[in-house]
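In the two assemblies presented below, subunit A is common to both, partnered first by subunit B and then by subunit C.
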Partner chain A sequence: MGEACAVIGVGQTHYRSRRNDVSIAGLVREAALRALEDAGLTFKDIDAVVVGKAPDLFEGVMMPEAYLADALGARGKPMMRVHTAGSVGGSTALVAAGLVQGGVHDRVLVVAWEKQSESNATWALSTHPPLTPSLVVGAGGYFAPHIRAYMRRTGCPDHIGTLVAVKDRQNALKNPYAHLRIEGISREMVEATPMLWEPIRYLETCPSSDGAAAMVLASESAARQAPNPPAWVHGAAMRSEPIFFAGRDTVNPQAGKDCAADVYSQAGITDPRRDLDCAEVYVPFSWYEPMWLENLGFCGDGEGWKLTESGATALDGDIPWNASGGVLSSNPIGASGLIRFAEAAQQVRGLAGDHQVDGARRALGHAYGGGAQFYAMWVVGSARP
Partner chain B sequence: MSSDIAVVAFAQTHHTGEDSGLSEVELLAPVITDVKEQTGLTRFGFTCSGSLDYLAGAPFSFVSALDAVGAWPPISESHVEMDAAWALYEAWVRLRHGDIDTALVYGFGKSSQVRRADGESGLPELMTLQLDPYYLAPLGLDQVSMAALQARAYLELGHKEDDLRAVAARSRAAGRANPYALDLPDPGDDDYEIAPLRPHDCAPVTDGAAVIVLATGDKARELCERPAWIRGADHRIEAHSLGARDLARSESAALAGEKAGVRDVEVAELHAQFSHEELILREALGLGDDVRVNPSGGPLAANPVMATGLIRVGEAAGWIHRGEAGRTLAHASYGPCLQSNLVCMMEA
Partner chain C sequence: MPRSNSLTADHSLAFPGGYTRSVGPVIGRFLTELRDGRLVGVRTAAGGVLFPPVEYDADGEPVTEEFVEVGPDCTVGTYAWVPRPRPDHPLDRPFAWALITPDGADTAMLHVLDLGVFDLGAKPPKTLRAGLRVRPKWRAERTGTIGDIECFRPGVTAINAPVRADYRLSAGQALSRFLGGIAEGRILGHRCGVCGKVYVPMKGMCPVDGVPTTEEVEVPGTGTVTTFAVNNIPDPRAPEVPFVSAYVLLDGADIAMVALVAGIPAGEVRMGMRVRAVWRPREEWGQTMANIRWFEPVDEPDVPFDEIKDYL
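Right, the complex of A and B next:
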């Protein structure tokens, strides 16, 4: 773990289908300036900048951090670019935290973004390189069979995905930054939308969003000077496993279990449902809530869907998941992981606004990517570890 | 916190100037096996890599590369969309946390895959996509044209084209003596590629991969007879727009060198993809005539994009591993005209 590290500033843009009012530089700067304002700092106070986003093919700008150095105040400073598939937002936060934990810097600005309106992510994910053609269309085409396997394995009834789709959108109505804010969202409304990839319906998937999120991460001495309450990092971990290894369980991946075990052990968590107050978990298709409830140890194998069905993960349940509305309500892909990490921090800082979980003191931030093979997680708390 | 961190093993492919028919995973697998055999390690505390999706023309080129590592049981791993020298930097930071004692770092690139419709290399035009997408990229300025602007700015300080030729001649001769680099002839009388740069002033299209193992303290001493201890590592970026910089100098390299504690360098491996870049970097890093620069031949003799910077670290560490130098410097760069620069100082 190294030196202590805390989140002292969080900034988000409003997430929309198209942010035609800003360039990519304008988008990342909007989030960065809000994070700096929260931290009571300016670009001058920042030691290093770490940025992350999903594949460059999404916007057609190769290694865009070179172009963004000026907009993010990075001239004369170290600037890094992280890319670990869908988990990238989480990994980027961990690389930035690592600079503080490694005693290299005191104040690090971390920014992640996606401007999906600049291209079409589904087709950027469905390329046909020689010898290894993609056999599916988009992420939904890849994950639907895993969801069907989960349903068969656990006897999960057909309506569970719908419950999550409604719950997360109800939460999004309390989050001013959320992209999908659907008044009167209901099971009937979700069930009336088209089937995209059996069993995933249109409203059971995440949207395509433009947006950016940023955090200022600080050493203990820098955190003591921050104007607003810090969120302390209690544990941080990454895990990866191969995509085509025949021995892996793609429904309940070992890398996710190992990553959770690592981060819980660092944070002294033995029963995540009891010891954590809330969680922001990467759920891009509604069915992944029950799947990740099991993978992250919030319940036993085969019990995830029952937890969802009982309402335990709702904002007024005993372990709220995705109080912000989650990836199902806002999905600037490269930023989606960082938003989870940032929302977890806002909960323990007591700054989550209308979607605040009362008295939240410890929260989990989670992101995954690739073929459910890359994981990044952190546990943050209101108390210094 | 652990600050005693060293390069303990290095391996690279025999780089090729054309597609050898091997996939990225096939390039990587033998060199990863090589460092595992050198160190006797099969698992590492952390793994980090650098690669570029645009070289493969597909998203997530690093995903399949993981197959070469043997990531089962699952490993602690990350990736930068940068030269793998920055992956080494991330691993160096991770090792400083003190809870792990080894790290595996690798980078790979098959530039040969980037081809224009007429069969020529498309790499210079590909690099156009790295520019500001609103104001610069639409102008279509390619990598060699940008480098030529910088070379011109440098020559206007009073330097001669023959100075560039001398760098190319020395690099190519050194490359011919390096079994991993390309076999390129002495500079001939070729016409300008883009004035004032001639073909020999530009790094060749190269496919290849490289791997490094880092270790801390006693673990490093156990794995390697003469570890190359990293005494300082730093990187700095400057303005993106060429018009906002003094192209004849490299402020960011000078700053990174200062922060990394550059002094009394015996051997320096510089990530100079064009002859003039070496001369600009020598000045920025204060490397005098007594410093051996790019004895491997450097990028002008082998430039497997995204591994080139990491190879500089491995080559500079090699002098310490062999007991032939006491203090060496490795440098890596990315962005148009040396926009960002990394310096790594190593000692015996």
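Right, the complex of A and C next:
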């Protein structure tokens, strides 16, 4: 794992349908300045900048990193862009962490964003090139059959997805940055919304958001000088697998299991449900909570839905998932993974505000992307590993 | 309304050529500045700035001779949305009348606020609110009348950025061969020489073993639905909603392909359902998957879940 690395600053914008008041540069700077303020630093103190976002087609800006160097104070410094589809926010944090763990830099600024209002994600994800036409329309169109397969495989009741849709939106009411803030959210409200891609209902999907998130990652010596408590990186891992191959388990992908095993091994975790205090997991469609509970080893195969149904993943459960409201409540796609990583850090720093999990000392941040084929995870803790 | 038994006749009253109206030094200065594309107010004896200038203030005092340039940034106060303009209105599409105060002035002027293109009868847009910042749109040819300002409009907050990239996509050997087969009504795949799995369509390589594949296999147009989505999202590129996009495991293949399932109500499609390819008439065939219109159910028992569970 190399040198110690810690999160010493976190900054987020408020997530909204439209941030018409700012350019992309203004948006990322807003998050970056908040992270720097938290870290007690200015751009001058930063050694390198790592940025990430989802496909360029979302905003139609090719190589946006080139134009954002000034906005992120990167002139004369190393700056790079990471791209791993929906998991990119997580991967971006891990690339930045690697620069610290490798002993290359002491303070790295990591920023991820999306300004979904500039186009339409379903369009951008379904460009239908000739010769290989696809009937898959948008992310929901891709994931719906695999959710159906999960339901059939486990024989779970139909309402589990509804429970997650309600739980994460209730959590969002405690998070001032959250995009969807639905007072009085209830199962009836979710069940009254139409099926978009059956079995996925409207309120079981994530919103389209504008927003950015940023973190300052620091070496041990830099972390010791930070004004606020650090979150130490206990483990960091990425994995990927092809989207189509014979024998692929699309419901419970091997790459996700391997990534989790790696990050747990680094962090000394043998039973994630017991050893972790909370988790921020990429759940863009509500059914992915029970699916990832199994994939991430919080329970045995076929048991994820029972954990959700029991309330274990609620804010007052024994292993809260997505206390921030998660991707179901805020989804600036490129930033969504980084937000998971940053919220995990805020929990173990004790700075999560109204959605703080009492006494959280170790937390999982998780992101996935593409056809559930790219994975990025870290475990952060309040104690230096 | 005149009573039905009354006689009526149209009548217009207009002084030929219009009145000649002298405007005096104060309003004259205002109109002269307008003609030159500037907004000015006039200072009152009490120190305020009246816009548009008048000769005597509300206290009945004559204004001073000091003219003050105001705007061009202005703020909207109250307003009235006009969803259906009358023939003599300044615009032929929805707009607002608004009280507009230029920066530096203490009073407002009623003028036209153009918020863009709306269908007749449109509701007021959310951007229309007190406090909206606007600027005058000047006519190119100005004559020294209030109409030299065509309207007021908000500042630029967004641009339209068309992006277009034109490609020529090359199918490559494997896909060309596959579509060549489709053009003859045949569905072709490759068997991997290492793992023995059959990929339809073939990729020319095995993604698991990382080796080229060359052994051609023809599979029938029958198969089994492993899983599916019922799509209710309209999309210009998709068939009508609801439509079923399904993973169809063709008999003899080891990986399912995504295809449209039709010929059955969406709500009756099942995992394990047996289907067959429905080909378009032969004279319509080309080197395209469109030769297969969709898959439809065949009258066979469903395949038990145990037999498809490893293909999900």
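Rule of thumb we're sticking to: the second predicted complex is superposed on the first by the 384 of 385 C-alpha atoms of A that agree within 3 Å, B and C clash if a C-alpha of one lies under 4 Å from a C-alpha of the other, contacts with A are read in each partner's own complex, and residues count from 1 in each chain.
FYI, contacts are C-beta pairs under 8 Å (C-beta built on N, C-alpha and C of every residue); 3 or more make two chains touch, one makes a residue touch a chain.
It should be emphasised that the depicted structure is a prediction, and the values quoted were computed from it without experimental measurement.
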Quick check for you: in the superposed arrangement, does A:D249 touch first (subunit B), second (subunit C), both or neither? second
When the two structures are overlaid on chain A, which partner does A:G60 contact: first (subunit B), second (subunit C), both, or neither?
both
Look at A:P145 in the shared chain and tell me whether it touches subunit B only, subunit C only, both, or neither; answer first, second, both or neither.
second
In this superposition, the partner of subunit A with more touched residues, subunit B or subunit C, is B
Could you look at A:L351 and tell me whether it touches subunit B, subunit C, both or neither (first, second, both, neither)? neither
By the touch definition at the top of the document, which applies to A:I182: first (subunit B), second (subunit C), both, or neither? neither
Query raised in the report: Between subunit B (first) and subunit C (second), which does A:M195 come into contact with in this model arrangement: first, second, both, or neither?
Result: second
After superposition on chain A, the subunit A residues reached by both subunit B and subunit C are 60, 129, 131-132, 242, 244-245, 247-248
Contacts from subunit A onto subunit C in the complex sit at residues 20-21, 60, 122, 126, 128-138, 140-141, 144-146, 148-149, 152-153, 194-198, 200, 242, 244-251
The answer for subunit B against subunit A in the complex is residues 1, 23, 47, 52-54, 56-60, 62-64, 66-67, 71-82, 86, 89-90, 93-94, 96-99, 126-127, 129-134, 136-137, 234-241, 244, 251-252, 255, 334-336, 339-340
The residues of subunit A that touch subunit B in their complex are 1-3, 23-24, 54-64, 66-70, 74-85, 91, 94-95, 98-99, 101-104, 124-125, 127, 129, 131-132, 237-245, 247-248, 253-255, 258-259, 262, 370-371, 373-374
Counting only contacts in the complex, subunit C reaches subunit A at residues 157-158, 161, 163, 167, 169, 171, 175, 179, 195, 197-199, 206-208, 226-233, 235, 237-238, 242-243, 245-247, 254-255, 258-260, 266, 271, 288-290, 305, 309-310, 312
